[in-house]
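Order of writing sets the labels: A, B, C and D. Residues in every chain begin at 1.
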Amino acid sequence: MTEKLYDDLMERSKAEPYSRLLGMEVVDVGPGSAVVRMRVNPEMANIFGSTHGGALFSLIDEAFQLACNTHGVLSVALNVSITYIAAAAAGSVLEARATEVHKTRRTSSYLCEIRERDDRKLIATAQALAYRTGKDITSP
Amino acid sequence: MTEKLYDDLMERSKAEPYSRLLGMEVVDVGPGSAVVRMRVNPEMANIFGSTHGGALFSLIDEAFQLACNTHGVLSVALNVSITYIAAAAAGSVLEARATEVHKTRRTSSYLCEIRERDDRKLIATAQALAYRTGKDITSP
Amino acid sequence: MTEKLYDDLMERSKAEPYSRLLGMEVVDVGPGSAVVRMRVNPEMANIFGSTHGGALFSLIDEAFQLACNTHGVLSVALNVSITYIAAAAAGSVLEARATEVHKTRRTSSYLCEIRERDDRKLIATAQALAYRTGKDITSP
Amino acid sequence: MTEKLYDDLMERSKAEPYSRLLGMEVVDVGPGSAVVRMRVNPEMANIFGSTHGGALFSLIDEAFQLACNTHGVLSVALNVSITYIAAAAAGSVLEARATEVHKTRRTSSYLCEIRERDDRKLIATAQALAYRTGKDITSP
């Protein structure tokens, strides 16, 4: 039942328009956690030619979105605080991980990070807070 | 001279790959401030069909990036804390504004918000902090 | 009725043990807003002799606590992000203001700032998010 | 030499006026990390009789302040984002821990948490960012 839910979330992420636009690839979804990858490509460049902060945040947000919905309760982002640590190398594959810290009936909180997949270099960290609506995500 | 800098930043934003990917349009750049617009399109949908938090953040981050560079000193994001207020309607035009609160020699801070352009509905707010490298942004 | 609620919150703040410990003085409570003052005294010094970040945060948190309860619905802090702007001068009177940005049925958000009362110098800003429990604060 | 620095920071924390006001006790200072304890006492009550958010934040901020100065470079807080997880029981002993995530020449970032000492119950988490001034903290 919960395995089915994790598979369902992975399928939703694969089919998600925004995830496809940025070339994200969901790697793992488990209890209160998710891992998502993305290759830094030229379309993500900012005005100085570095990776845009919005692209990095989007990768974290995708992992957070999946992680906070793994209990089957429709959950939405309330607040995310991202700290940028290092620039992401052009062409590198980034991996974002969101890990649940705690949940109550109405809220849940997560620690997230992005690392370069190959050398595990830390790129960004985030603290994220979700509101749990109480609705079932698998409802039609 | 500063007018030339604002024009230069607007040109950089127009030519920016990431801004083009999401269909952003810079509207104004002034001393410590910037306004950027983006239409919510189907490519920005998340796994539930709402506007992805990463797309909303990206719009704020573009305004922040421009605002923090308006003094001609190359500045990069240290931390952004975003609070999501309301869902953005499909097809609506969103407007993000970043406004400088303070700057010191090495850091500067901004309050940002996204509103729907037409009805001024508040969609998200953010607090953003930049590191001022001390380098000239117009250097080759 | 609401005036009575604002007066009640001011009385609660005046009688609050923590507010008294730090010498805070509530100045105003209104719809979605509150103003609280505190004099920087030697007991607030940190390891370098500057005003402790915890004392500055506490002043903002007192204003936030009052502001988010002005609708009569028991509300508690979910997240606060504080950005430190400038050092507070020893002996100066600080004034924190919390202003409501938005509220939904279950959450409400605030922008807060501390200024020196006399010269209006900006000391810190914060973004704060409350959870609205749905309980009546005036219940026994 | 570094051991001497950690001892010096512990001594500074013990002598710190604000730490004494709240009854904090520094437990450990090491490379990029610090642990500080505090008993929840009646003076920390907020307007509803719970532990004031400012008292909880202050404990985290003390640990952060110590951790970010363990490299001997005078460092000051830029931004702290705190998420409140659970209420702290009256009379309980709280333990805050700050752990360095990364540092560059000019900034360093930390993850922090408060737990009840005895049952390890999580009370709050925080993400903190420091500015490294470049000055030596041991200079007169």
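The criterion applied here is as follows: contacts are C-beta pairs under 8 Å (C-beta built on N, C-alpha and C of every residue); 3 or more make two chains touch, one makes a residue touch a chain.
Values in this document were obtained by computation on a predicted structure and should not be read as measured data.
Distance from the centre of subunit C peaks at A, each centre being the average of the chain's Cα atoms. Looking at which of A-C and A-B shares more C-beta pairs in contact, the answer is the pair A-B. Inter-chain centre distance (subunit B to subunit C, centres taken as mean C-alpha positions): 29 Å. A separation of 33 Å divides the Cα centre of subunit A from that of subunit C.
With centres taken as mean Cα positions, subunit B sits 21 Å from subunit A. Looking at subunit C, one finds that residues 78-79, 81, 83, 129 touch two or more other chains. Across the complex, subunit D meets subunit A through its residues 81, 83, 85-86, 101-102, 104, 109, 111, 122, 125-127, 129. Within the complex, the subunit A residues that touch subunit C are 78-79, 81, 106-107, 129, 131. Contacts from subunit D toward subunit C in the complex involve residues 9, 12-13, 16-18, 20-22, 42-48, 50, 52-55, 57-59, 61-62, 64-66, 69, 74, 76-84, 137.
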